[in-house]
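Before I ask anything, let me first share the structure, which is written out below as structure tokens.
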Amino acid sequence: MKVKSPEIKQGIRASDLVEMLGSTAFNARRLGEAAKICKEMVENDSFVFLTVAGAMVPAGMRRIIGGMIENGFVSCLVTTGANVVHEISESLGLGHEIGSPYADDLELAEKNINRIYDVYIKQEAFERIEEFLSQVISELNGFYSSYEFLWEIGKRIEDENSFLRKAWDKKVPVFCPTLHDSIAGLHVTIYRKNLQIDFFKDVNRMIDLCFQKRKMGVIIVGGGVPKNFTLQAMLLAEGFDYAVQITTDSPHWGGLSGATLEEAKSWCKLKPNAKAVTVYCDATIALPLLYAYMLDKSVSRQSEK
Amino acid sequence: MKVKSPEIKQGIRASDLVEMLGSTAFNARRLGEAAKICKEMVENDSFVFLTVAGAMVPAGMRRIIGGMIENGFVSCLVTTGANVVHEISESLGLGHEIGSPYADDLELAEKNINRIYDVYIKQEAFERIEEFLSQVISELNGFYSSYEFLWEIGKRIEDENSFLRKAWDKKVPVFCPTLHDSIAGLHVTIYRKNLQIDFFKDVNRMIDLCFQKRKMGVIIVGGGVPKNFTLQAMLLAEGFDYAVQITTDSPHWGGLSGATLEEAKSWCKLKPNAKAVTVYCDATIALPLLYAYMLDKSVSRQSEK
Amino acid sequence: MKVKSPEIKQGIRASDLVEMLGSTAFNARRLGEAAKICKEMVENDSFVFLTVAGAMVPAGMRRIIGGMIENGFVSCLVTTGANVVHEISESLGLGHEIGSPYADDLELAEKNINRIYDVYIKQEAFERIEEFLSQVISELNGFYSSYEFLWEIGKRIEDENSFLRKAWDKKVPVFCPTLHDSIAGLHVTIYRKNLQIDFFKDVNRMIDLCFQKRKMGVIIVGGGVPKNFTLQAMLLAEGFDYAVQITTDSPHWGGLSGATLEEAKSWCKLKPNAKAVTVYCDATIALPLLYAYMLDKSVSRQSEK
Amino acid sequence: MKVKSPEIKQGIRASDLVEMLGSTAFNARRLGEAAKICKEMVENDSFVFLTVAGAMVPAGMRRIIGGMIENGFVSCLVTTGANVVHEISESLGLGHEIGSPYADDLELAEKNINRIYDVYIKQEAFERIEEFLSQVISELNGFYSSYEFLWEIGKRIEDENSFLRKAWDKKVPVFCPTLHDSIAGLHVTIYRKNLQIDFFKDVNRMIDLCFQKRKMGVIIVGGGVPKNFTLQAMLLAEGFDYAVQITTDSPHWGGLSGATLEEAKSWCKLKPNAKAVTVYCDATIALPLLYAYMLDKSVSRQSEK
């Protein structure tokens, strides 16, 4: 089949552009292939994990995560403590500021501004989050898995755009195996009384989810613990049928975040014939395009409307 | 200003998505900013260099380059020998095949297939290119700059989608300072009689172009000689007013391809107050999005219609 | 000061070469600077965290980690579940095989070989690890922090080259905030009776360690949770005096693993005047060089002998 | 074969460390393999091209390049205009200053300081280079290939550490296919009278060199035109027997600088059974280590002494 140079016309839809990119090369083609796999996952009624590492919420990706949950594109979210904390910030209306990666960090420190590359968050946002979280934490007792804890958070959030709230509404579990590795983790440490967050309960539940009699899929954004925690849950089951990975890491550094999906087949985390593709791209660009494609092209979903 | 998470709806246009990304973070925001700078360049009737390194033609980007020339978005193209050779392949209808980056290269070699990451080109394509080029080369005598040579190619190409043909039609110069570093260079070496391609003539002409009394802009795709050759031409003049760079290289390796546009200001290649942004992204994804944006959003161009 | 090109002679010592690189540029200079900071940390009797993400143990870095503990270069280790599991494999004499990154992963899967880039580990190694770990796990009751759990492991390891054993011997705490995100985590999930690993206890202990009246330093290998977990522990205290980071990630992707140490100053995780440098390099190359330098050049340590 | 963790002792030689790294993994192992290939090249009396892109001379690598020429490790150098210009600066005693990548580039511009990542060069250095070069250029007439031109430079340089001088002394050709893409290129453009630098003569000579009845090897530092120009010269001959590549680029971006040496086999630029390895590492770190290894371990060379 020939490489086909896209003929882009005025007013082209994002989804049609992604479709065209599937006939080009390099990461444009990979993006096009990822989009088709995502579409197939949805149309086959697969159980889809979305794993999100990296500062995706500060970077403005929360409504895309929320949209994927709302539209039924994903069945389960696995993310980091940081994304949870910053989503709470957004949900409480505190948000994040557009900043500069070239700022003077000592000046920022003096102004009580914390920097995440080109995004700023004020110290006082964390104080408001602390008020909110300390309240929730002090209300809870006993052993919680992280997703049960995050549902407790989600049901207390009023913001309808919050993916934590949407996840609670739709009973989509949100796993956060690194909750303690975040400011929320500091708050749990300080304010808990008899609350235990037992991450081995999470492991158990993740394994259960992997044993369903459905097509199983995973959309991996950025590697890290969310990627490994999800793939390892499949070690005892049959392997994923579909896998899409968006990463800026490279295989040749040898780490898990950059590891190929082929490598995952040696571990039987993916089925031998799994449909799998890695897109090497900043997820802030690739994920919105993928979402726009799924919105427009997923037949099953459109027929629901 | 707040980071704003994009609210993506069904049927969203690529250009509107790019606009939204401008209020997010990381490279999505950089892409949004680059798009706005490109729009401003066009609307201010700037003289715009487009520099293209990397295997953009094999990767299916030729019609975007062609479209940018045709729509008057760029005034001058600076590219590599490889892109010229592969554009001739496309223009002669030989094209490129969709391949795999995981192919067995020894098998490919036996089948006379050459691989460029996930794109294949048959050896026989180069034979047809040789027929075409040897003819042109043998017709030419005397001292040519690379852009004069490429106009001679362009006017002999019938394919209307060829950017070499479009460049000839619109008298847009196409500089190729590394023509000898390509299969076309081998052909010139073999078939020339009294033809001299004098790249120092190119230097001269590039410098002249930099001394125009207009806003000066540059869109840099992928670094390499095209980037440096264009920026150095500005050393004697006043500096670029606008610069957009799409690269997958990083500043911290110290090479020119990854060098920041700020660094270029220390050399006075950009004006102190130049509007400049670097997008870290595979150009096969970023360039089509940028083009779609320019098509939809450039006011001056739309009013022409 | 001038850039000075190294004059390398036959028989040059690794430490002298690293010294020379400090007067060059790019990451060679950064490595030279990192080495000097590490030397100063040791000579000032700082409390030094070593954080290790990435598959450093499968990649053959265990004796360097062990050596750094044994020589008193580091006071505390923070690492991943994977490094713990693979260290147990090494300690039990099962080891890792030299493999190829281009292997056929389906063939490997059939042979029960798991691939980590260019390293192989047989499935049966995990079975032996399971025997070992299930025994330890079933012996333990009550609430453990990860470092207490890992001391229990360390004291049961006979291999004197094991860094888990050395850590136990020298009472150096080894934190593993992602123990559950590993095969050891699966084993804990399966075999525990009344064992709870409470990672919030880890948070508490890490914070305590940050409040010491000593110079505080951190050597960050590869980002991930170990990096963040250590830096966040300093949020409530005064900030690190020294920080060295070895990473292959880049700042411009916006994630924590690639975040600059300057950015950490905006969060007050580093003191405003902290000595800090990032080396962009595969840690399998940079860490042995750094270690060789510390062995040769740290005055305090040599005088101990 | 087992991965073997290096046992590093005080006073370890750089070459012994590199040897040990060959039994580890990731890029440490690749470096160890590259070292062995380089040793074999030298011992087999191969004709070895060294291709150098990137700002290696400003970064302090000139004496390593010079040492490789002097010791007979390389038979031919292919590099960029920038490296030539900066080598002239060093040879004239003007040198480069240690700078900061975080400097204010507008301030630097005002002080007439040009920045190359973390290296500075004063504008007046270029004025002195201009004096020197304008003199040479005005003395020459007729058609020169780039290596003939650079020998003319080399023989006029007094600094014995200059690799241009060493290359002239040992009659090692130095090809610079992008001489016009540099400040030297501007000087040729301005000062030449009847001088023509004919890069197609270079193509011819490079092809001749590829047809020798010896083992053929190439050490590729950093990709770019030097890499392609050398590999393409082999297109008509039988292919390289040995190839070592040091790069920080990645295959998945699809460009030539990051292309694997396997890919080069599909083009028959390498023999099917060529010994080849890519090291993903900043060359400022990897190249000195490789050189130290060759100095200590190359048997043929030592016996010469």
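A, B, C and D label the chains in the order they appear, each numbered from 1.
Convention: a residue touches a chain if its C-beta (ideal position, glycine included) is under 8 Å from a C-beta of that chain, and two chains touch if they have at least 3 such contacts.
Keep in mind that what you see is a predicted model, and the values were worked out from it rather than measured.
Shared contact partners of chain C and chain D, listed by label: A, B. In summary, the pair chain B and chain D forms a contact in which both copies contribute largely the same residue numbers, shared numbers making up over half of all those used. Of all chains, the one whose mean C-alpha position sits at the greatest distance from that of chain D is A.
Centroids built from CA atoms put chain B at 34 Å from chain A. Averaging Cα coordinates per chain places chain A and chain C 27 Å apart.
Computed from the mean C-alpha positions, the centre of chain A lies at a distance of 44 Å from the centre of chain D.
In chain D, the residues that touch at least two other chains are 25-27, 55, 59, 116-119, 250, 252-254, 262, 280, 282, 284.
Those residues of chain D lying in contact with chain A across their complex are 25-27, 250, 252-254, 278, 280. Those residues of chain B that touch chain A in the complex are listed here as 1-15, 17, 20-21, 23-29, 31, 55, 58-64, 67, 90, 95-98, 102, 116-119, 161, 262, 280-282, 284-286, 288-289, 291-292, 295-296. Interface residues of chain D, counted against chain B in their complex, comprise 53-55, 59, 82, 101, 103, 105-106, 108-109, 113-119, 177-178, 180-183, 185-186, 188-189, 192, 196-200, 202-204, 207, 222, 224-225, 228-229, 232, 235-236, 248-257, 259, 262-263, 265-268, 272, 282, 284.
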